Every structure is written in structure tokens, then in C-alpha cells.
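Quick heads-up: structures coming right below.
The two complexes that follow have subunit A in common; it is paired with subunit B in the first and with subunit C in the second.
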Partner chain A sequence: MTGFALARRTVARYKARTTLAVAGVAIIAALNFDMLLLSRGLLLSFANMIDSAGFDVRVTGSAGLPALRVPVAGAAKLADDIRHMPEVDGVAIVRFEQAFASAPDGRERGISLFGTSEGSTRGGWTIIRGHTIDAGDASDPAGIPPLVISRQLASDFGVEPGSVFRLRAGVAGERSVLPFLSYRVVGIADFSFDTVGGYTVATTLEGFRALEEDRLSDDADVVLVASKPDAGPDAAVAAIARLRPDLHVYSNQEVVEQFNRNGFAYFRQISLVLSTTTALFTVLLVATLLTVSVNQRLGEIAALRAIGISRQRVAAMLLWESALLVGLGGAIALPLGGALAVGLDRILRGMPGLPEQLHFFVFEPRAVVLHAAVLAATGVVAALYPVRLAVTLPIAATLRRELGS
Partner chain B sequence: MGLGKGCRRWLLVLLLVMTAAPHASAPPVDPEAVPSVLFSRQLLKAAHLAVGDLVLLAADPAGARAARFRIAGVYEPTPDPLKFNVERLEARLHLPDLIQLTATPSDPQSAEWVTAVNVRLANPADAERFASDLARQSVGLAARATARTREGDPFTVLERFHVAIAAVTMVGSTAFLLALMVIRAEERRDILGMLRLIGISRRSIVLEIIVEGVIVAIVGALFGVLLAAGAQYGINRFFQARYDTTLVFVRVTASIVVRCLVIALPIGIVTGAAAAWTLLRRVPASLMRR
Partner chain C sequence: MTIVDAHNLRRVFPMPAGPIEAVRDVSLRVAAGEYVAITGPSGCGKSTLLQLLGCVDTATSGSFSFEGHNIGQLSEVERTRIRLLRIGFVFQRFFLLPMLTAWENIELPQAEARSPAPVRGARTRELLDYVGLADRANHLPSQLSGGEMQRVAIARALANRPALLLADEPTGELDDETGEQVAALFDRVNRDGTAIVLVTHNGPLAARARVRLVMRSGMVVPA
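Now for the complex of A and B:
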């Protein structure tokens, strides 16, 4: 009889303890799996989010948080110069500002307003109803600037494509007497950067400037660049940096690396600490269960050895027992961890100001491979001490003692 | 209570720092006549400066309209969990010095503006009402309570996340403890059978196994608390060195210890009772394998 067959019989014989041990391993391994998802989830989600806008290079006036950045002066000429570079496929000038919308109940609601020169092909939103804005959109006979609004805003305000929407410029937390301007809603969209519970609208640069009363009309908060596939973002970054060494130019990959170093540090570290702790916890508990189980079966193991079952086979039996406990628990941990990740992600996404499409727990095949590797190592390490106990067992003395008792 | 567009005595600023290197042609400067400034420990270290040094500060990246200051002291920035991974390169100036440094000469009004006024209310509970009264009376002024509401606080969200993880860990631990108690009980099935046959009541045996479960759970919880107390030192030292901050990342408080023990108690009772039930539902003879 092989070590696996012996282990299978032992596991089947002690159903209650096996079920409880597998349940314990499944719960702890699910947590471990979630920590593996968390270790890179935010990073993958963030990378996916900024890539989805369709641009792979960003040009800013200074480093740091968007709200604290120096604007890019002379944006129109800069965009024109960049557009003519052989490495570049497309350019968009982007402005953003906090504004206020007039709600149906007469109250004012804060919104995030984007102005962009590129609304037709790329823009960081997906149109659900209506059509997107276009810098050359002259379809409105009254000359009212076009507006794309988020799905949540459309639902809460009861607005559909074709409606007139009123906005005014403003600084968050301050009162203002600036007048409201009218915009024509041309589309309803899902925005990549829409915050949970927040409202986002996008318009053309002309529409944005109308609200700003032409203040700083040739500035941009960021200039987005799409590189040509054959040139790649690095070549575009180098070319733009040569053209304007005073500006900060980043590829999406560099932005993600910066995020990884700064904004993501906490979650990377907590996932490392918790995955290490849970792996150690599993080792300790499986080792304890196996050791107690071996101690209970000393007479049985000595009898197996006495009838000629080799040390290697006894060791293999215990390794298989450990593998079955950890393996079954680990397999159950995958769907359990998936369900748990949904709940934990929902809790963390309650943080204020997070984009709706940003997730903390993101599935990737690499996490499953790592999960399997951690569990395999856990199973082997947990079996080491019980195996040592079993293979160094003095057969005759143990049988005498067990029979005597 | 913080008021937008008010004033406060000390302000945190990020400014261009240039060491005021003495020039051979420059007239000697009386350090006592130069306005004083406080530097954060991190800024002093990063700029390789010392208390008593003269520095030039400017609000303009090109160094225009720089003013000379004497470093009067060094301070440790108040630990802020929202800034734990930010380098605290900060300086504190007297308000008139800061206004002189940052005001636009062509705009006299710019010297009249400050970022915020901090107000301490006689009754802090009145903060919301005070803010709303003030906002009604003064157009263009925003007033808000400095105390963060529970909703929308990122640390409340993190707390919920940690509580959820702790709950999952507790469920896993309970399953393991239950498995351990079942094995322990089965190990002694002969003894338990014998005890039943000589007349020891089922109730007494259940009580013994429950007490054993409670002891294992409480000793385990105490060991966990001791382990956490030891780990808190290591974790705090590591992260404080990593982020150059005095922020405390882990703290084992009395309330956490009490919570651990209070949770351990019912877990011990439940696992002990379940383990006892698996054996005592059988007749005494079957426990003796008869």
C-alpha cells in the first residue's frame, strides 16, 4: 500500500477532525490568497485605469499631486509641436476644475469638470447614450457648448442627451456669486476616473474656457500624448523632454512606478505582513494538528513499521496527510477567497475620493501560482516535525507501552 | 475649527531653501537682526544645515525676492497618518515674514490674505452651528469643523478593513481550535468511558472539557497579546525608520487586550462543548470500544 493510500484511509477514518482542519486551512488560506490579490491589485487596477484613457505619455508643469501642480503654459503651441513629432500619434490638452451644477431641487452640487481638446476618439470615458463631445462640434444651433455627463449624475438629476445643464465655476468650500452657464448634454458616459458617489462632466476646451471667463486660456493642467505603436512611449517621452526640458514628462509605466513607490506602499506592506502571518499561522496549526494526531496514533504507526512498512512510506503517508489537508483547504480557499475579496474590496472602496473603477483586489493568474507555491511549502514544512516523530519511533518499546496501556 | 481666508500665527510652508553662503564682497550680517525661522528635523538634515545657520528662503522656484533668515530651532513635525509616506520638508515662519515673502508687490491686497484662521470654541460641540452661522454672515468665507466626521474618514475605512480581517482570522482559529479539541477528546475516549462507567456525570465531564477549551483559548489569546506587544516594537521601529517619522503604526491598548480575552472566552466554551458532544452522545461502553 502506498503512502498516499495510507494517508487517504487515515483522512477518511477521522472525518470530523479532517473536516475541521480543512475548514480552518480554507479560511486562513482564503485570507492569504486575498493578501496576494491585494499585494498588486491596486497597482494593476491603477495601470489599467490610466491605460484605458488611450494615452501613454503625460506632460505636466511640475511633479506632485494634480491639485498642487504648476500648469503647463503655452499649451496650444506645445500640443501643436508635439503633434508633429514622428513618435506621436495624438495629443490632448486637458484642464480640470471643481465646478457647481444646479440640481433639480434648486440646490448646488459640486462636480469635477474636465475640458479636453480630444473628445472624439479618446477621452477616458465610454459613451452609454448619445454621442461624445467633439472640439469641432457645431451641431448646436444656439452655440451652446456640448457636455458629456456621468451616468450617476444623469440618473440623480434626471437628465438625458439633448437636455440643457447649468454649471458655474467655483472653488470647493467657498461661496461664489459667479453666474451659471448653459451646456447641452450630448452624451451620458462611464468615466474611468469617476469617484464613488462623485459627479463628473466633460466638455470641450472652449466650453471649459467659457466657464473660466477666459482666465489662463492657454494653460493646461496636463497634456496627454499617445505614442505611435512602432515608436513606443519611451521614445515619445525622450523626444518631448528634448523639446521642453522645463516640463515633466512621464510614460504611463513611470506614473505607475511612482504610484507603487508612494501611494501604494501601505497596501503592499500590509499585504506582505498579513500573508506572511497567515502562512506562518497555517504552518503552525497544521503542524500542531498532525503532531497531536501522530501522538494519538503512535501504536498504529509502530504496528505498521513492525509489519514491514518502511520509514519512507510512513514519512510519505504523513506528507500526504499534510498535503491532503492543505491541498483540499487551498482548493476551497480559491472561491472562498474570491468571495471574501469582493467584501473586503467593498469596504476599502468606501474611502473618499477614490475613482469608481479602482479596485484593491484584482485577480491575476500569478496570484494563483503563488498561492499554490505558498501552500505547497506550508504543507511540507508543517509535516517535518510529525514525520521526524514517526520515523524515529522505537518500534518495540512503543508497541510494549501501547499494548500495556 | 478652521476658517478659510482668515489668518493663523504659524503656517507650514514649502519653500526654496538656499544656504546663505558668505560672499567675500557681502557686508557682514548681524545674525540677531535677521528674522528667525524653525526648520523641521527632516529639512535640516536634508539641507545639511544646523541651528544658527543663515539661509535664504524664496517662494519662487527661481529664487526671486529671496529673504534671509536665521534658523532659530528645529522641530519634529506633528505625526500625520495622511502624510506618513511624504518627506516632511517644512519650515515655520512668523506670519508677517511669510506674508512679506509671498505677497505680490503689484497687488497690495495680496498682503491682506491668509489661508486660514483657527478658532477654539468655548464649547466644541457648537462647531457645526458656529460654522453655519459664520458662513451665513460672511459671503466668500468657508468655515468647517476640524474634527473629522466618521463617514468619509479614510482611517474609519481602514479600521473596518482590519476588523473584517480579524473576524476572518477568528473564524479560522475557531475551526482549528475545534479540530484540536476533538483530537484531544478522542485521545481520552477510553478514560472518559471509564469515568462514565464509574458514575461520573455527563455534566461534570462536559464541564471539564469546556474548562479545558476556555483555558486553551485564554492562554492562546494571552500569548497572542504578548506576541503582538513584542511585534509592535519591531513594526514601529521598522516603519518609523522607513518613513522617517515618529508616527506610531501599531499600539496594543488595554481595550484591545480586553477585547481579545472577551472574544477568546466564548470561543473556548463553544469549542469545548462541541468536542464534548462528539464523545458524550455515545453510550459509555462504545467509548471503551465495547
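Now for the complex of A and C:
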């Protein structure tokens, strides 16, 4: 009979202890699993979000926050030069600006406006109804620029594809000398970077410049580049950097790494501390239960050793017992932690100003593997003291004590 | 053939209030097929002597050989191997594993000895028949009476066909009638060729042994 078989029978025999241990491990391990999901969730979610735009290289005029960056001058020629590079599959010039519109209740509401040179082939949005911007831009009989609006805006403003929507550049509530400009709503979409409770719209570059009354402007806030699959983003970055060394060129991966080093370091540290703490709780719980169990079975263990059962067999039995308790608890922890993560994610995503598609807890197979590895290590560490207690048991003295008691 | 050959065995337990000499200069020889009963008052050193003979404890001084092996020179692993293969233990409180059935308790030392599964199965069946518990094979210890548990413990002790069976107060937890059944089983085990050394307060049980020793204050004295 193997150590595993003995452990399995012991775990089945002492049901109350097993239930207590498994429940405790499940709850603690669920928290640990959530910490693992949290430690990389934002990063993965952010990476997914920027990848979903369909471009893997970004060109900016300077480093730093988007609002503080120097625009890229001569964007049209730059885009044209980049488009002809053998490493490049597509280019989009992107502008962003704050605008506002009058809601049905008469109040002005702020809107994030994007202007892009390429709305049909790629984009940071998914059309739900209607179509995307460049399919209708030239076909509008009145020459009104096309507009794709977010689902939230469509719902709150009661706007449908075909409606005319009036926008004005500037910040809601502040005075502006710029006039309202009419746009034809051609589609309703989910935007990757849409914030909770915020409104987002996208138009063509011409539509964007018209709003700013700066039709001759050739600036870009960012130039997005899609590399060819056989070349990859790194080759495209190198080629663009050679072409324009004065600009800042990043692959999506580099952007994510920058965020990982700066913006998300706190989450990682908090997750590490909490993961270590919860793992320690698991060790203490299982070690305590196993130690109590060994102490209750001292006579039984001494008798096993007396009849010739080896120390290794006794140690294997206890190690497997620990592994079974931690393993069962850890298995239950996965759905439990998953459900908890969904709930916590919903709460955290309710914070204003965050992109709707940004998640704090993101499932990835790596987290399950890490969860299993942490639990395996926990099971072994938790068993160390009880195993030591059992294998160093003085057989004769224990039997004397047990029979004398 | 001599199984146990002990000369001037001493076992001293160091205590805060001063050392206690539990076994004093005991010399003992047990031949194959012998049946020895050791009696004496509580605390006279009977169980300690039995533990020395069973290789679960080591003597403070003196020499002890088991089937020609000088036990004092063997490692713990080697002593464990001897206990597994050549010595059977029967305890007053049975010490069966509560989560294993009677069958599995008897199979356990055979599995430890790496006996092949078919051989184990046949031997376990044979032993359950031998102790009259063939119909209780799949019962847990908690579903057995005291006498039945002790019979399973005896079957477990015989599982690897030991040369010596050691029993420490084997009837101590049993009523007279059940104790008599267990005593009869010991007679049979001995008749079938296994040497037995038991310590007991049970006079009728001791009377069944061919050799009766009495201990007082750690020494073997004339009966």
C-alpha cells in the first residue's frame, strides 16, 4: 500500500478535519489566485486594448503623457513615407481632442473626439450598427463629415445612424468662440478606450480639422503603424527610427513594458505581499491541522514503525495527506477565486475615468500554473514539521507512553 | 536454531531525578519454535525488555543478537527491515490503522516488504481464515469487536512469516472469554512453528507457555 493510498484513506476517514482543512485552503487559495490574476490583470488587459486597435507601432513627437506630448509635424508625408516601407502594412494618422455637445436635457456634455485617416481597415472600435467612417465620408450628399459614436452616447442622446450630430471643440461648461459643426452619424460602436460613463466619437481627419477650424493643419498626435506579419513590429520600429530619429517610436510591447515598469509596479508589489501572506496562512492552517493529526495518532505511527513500516513510507503518507488537503482546496479555489475576481473586477471597473474594456483581473493559463506551483510548494512546506515529528518519533518511548496513558 | 541471544542486557533511562534502570543484566535465549511468557508486576521492565527483543529500542549495555545479527551494530534502516520481515508485534491496544479494512491492515506489512499483489492476496486470505475472520475482511476496525481486532492484529503480525512473535499484554483489553480465544490462537501459532515471547499479567495465558519467566525490578528472577 503506497503512501498516497494511505493518505487518501486517512483523508476520507477523518471527514470533519478534511472538510475544515479543504474549506480553509479553498478560501485562502481563492484569495491567492485572485492576487495572481490581479498582479498581471491590468497589464494583460492594457496590452489587449492597445493590440485591439490593429496597430503594433506608435510614433509620437515626444515621450510622456498623451496630453502633454509635442504633435508630430508633417504627418501626411511621414505617413506616406512609412506606408512605403517594406516592413509596414498600414498607417493611420490620429488626432484627439476634447469636444462637447448639447444633450437632450439641454446640458453640455464632454466628448472625446478622435480623428483618424484610416477608419475602415482598422480601428479601436467595433461597429454595432451602421458602418464605419470612411465608407460614408464621400457619399454624404451634403458633404457633412461622417461620425462613429459610442453606444452610450447613442443611447443617452437618442441618436441613430443617419442622424445629424452637432459638436463643438473645447471643454464642456467653458466659453468657446468656435461654432458647432454638424456630423452625419454613420455608425454606433464599442470603443476600446471608452471610459465608464464617458462619451467617445471618431471622424475622419478632415472632419476633425473642420471642427478645429484648422483645415490646413498637418499635425498628428500619434501615427499608428501596422507592421507586416513577416517583418514584425521591431523591424518596423527600427526602420521608422532610422527614417525620423527625432521622433519617438515604440512597439506595443515596449509601451506595455514601460507601463509595467512604471504604472503597474504598485499592483505587482501589493499582489506579491498579499500572495505571500495568503500562502503563509495556508501553510499555517495545513501545518497546524497535520500536526494536531500526527499528535492524535502518535501511538498508531509508533506501532507502524514498530511493525517495520519505514520512515519514508510514513513521511510519504503525511506529504500526500498535505498534498491532498491543499490540492482539493486549491481545486475548489479556482472557481471560487474566479467568481470572486468577476465581482471585484466589476466593482473596480466602476471607478470613473477608466476605459470600459480595462480589467483588473484577467484569467490566463499562466496564473493557474503559478497557482498550482504555489500550492504544491505550500503543501510541501506545510508537511515539513509534521513529517519531522513523525519520522523522528522515538518508537519505544511513544509506545510506553501510549500504553501507560 | 537460536533466534534471540541476549547477554547482560541493561536499559537505563536518564531522568531529571536520576537514572532509572528498567532492565538489569538480563540474559535470555529463545530458540526457534519456543514459547516464552514473562510475568511480573507493573513497572518491572517487562515491556522494556520486549522492546529490546523487538529491536524498537537499543540496550544501554550488553549484547543482543537476532538470528545471528548483532543488533547493536545495525543501522535503524536495517533494524526496521528485521522488524518488518522477521518479527511480528501484537500490542495491548491493537494499533490497527482505523482507515483500513481488516484485509488491508493485514496486507500493509506485506506491501511494505514488496510482496507481489497475488502473493499478498493469497497470504491475506489464508491469514483471515487462520484467525477465523474470513467474513470480516472488508470491515474497518471500528466495526470489529476487541477480540476480532486482536485477531486481525495477530494476523498482521504473522503476515511476513516472522520467526518471532512478540506480544505485549495481548489480552489486556479483552474479557476472559475473548482472552481465552486469543490465547488459543497463540497456542496454534506456536504449534505451527513461530516462536512467541509475550509479557502478561494474565496467569492462565502465561501458564500456556513452555517457558515462564518472572521479572522484578528489571531483573529475571526464579519463578
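Keep in mind that, in the parts below, the second predicted complex is superposed on the first by the 393 of 405 C-alpha atoms of A that agree within 3 Å, B and C clash if a C-alpha of one lies under 4 Å from a C-alpha of the other, contacts with A are read in each partner's own complex, and residues count from 1 in each chain.
In the analysis below, a residue touches a chain if its C-beta (ideal position, glycine included) is under 8 Å from a C-beta of that chain, and two chains touch if they have at least 3 such contacts.
All figures in this text were calculated on a predicted structure; none of them were measured in a lab.
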With both complexes overlaid on chain A, does A:T132 touch subunit B (first), subunit C (second), both or neither?
neither
Give one of first, second, both or neither to describe whether A:A306 is in contact with subunit B, with subunit C, with both, or with none.
second
Contact-wise, after the overlay, does A:T378 reach subunit B, subunit C, both or neither (first, second, both, neither)?
neither
First (subunit B), second (subunit C), both or neither: which does A:R13 touch?
second
First (subunit B), second (subunit C), both or neither touched by A:S39
neither
Would you mind checking which one, subunit B or subunit C, touches more residues on subunit A?
B
Does the superposition put A:Q152 against subunit B (first), subunit C (second), both, or neither?
neither
Go through subunit A and flag every residue that touches subunit B in one model and subunit C in the other.
14
Given the complex with subunit A, which residues does subunit C contribute to the contact?
47-48, 51, 54, 56-57, 76-77, 80-85, 87-89, 91-93, 95, 97-100, 104, 107-109, 111-113, 156-157, 160, 168-169
Under the stated contact criterion, what part of subunit A meets subunit B in this complex?
14, 16-17, 20-21, 23-24, 27-28, 30-31, 173-177, 262-263, 265-266, 269, 273-274, 278, 281, 285, 288-289, 292-293, 295-296, 340, 343-344, 347-348, 350-352
What part of subunit B is in contact with subunit A in the complex they form?
4-5, 84-85, 135, 139-142, 144, 152-154, 157-158, 160-161, 164-165, 168-169, 171-173, 175-176, 178-180, 182-184, 186-187, 235, 239, 278
Note: in the complex, subunit A contacts subunit C through residues 1-2, 6, 9-10, 12-14, 299-300, 303-311, 313, 395-396, 399-400, 402-403
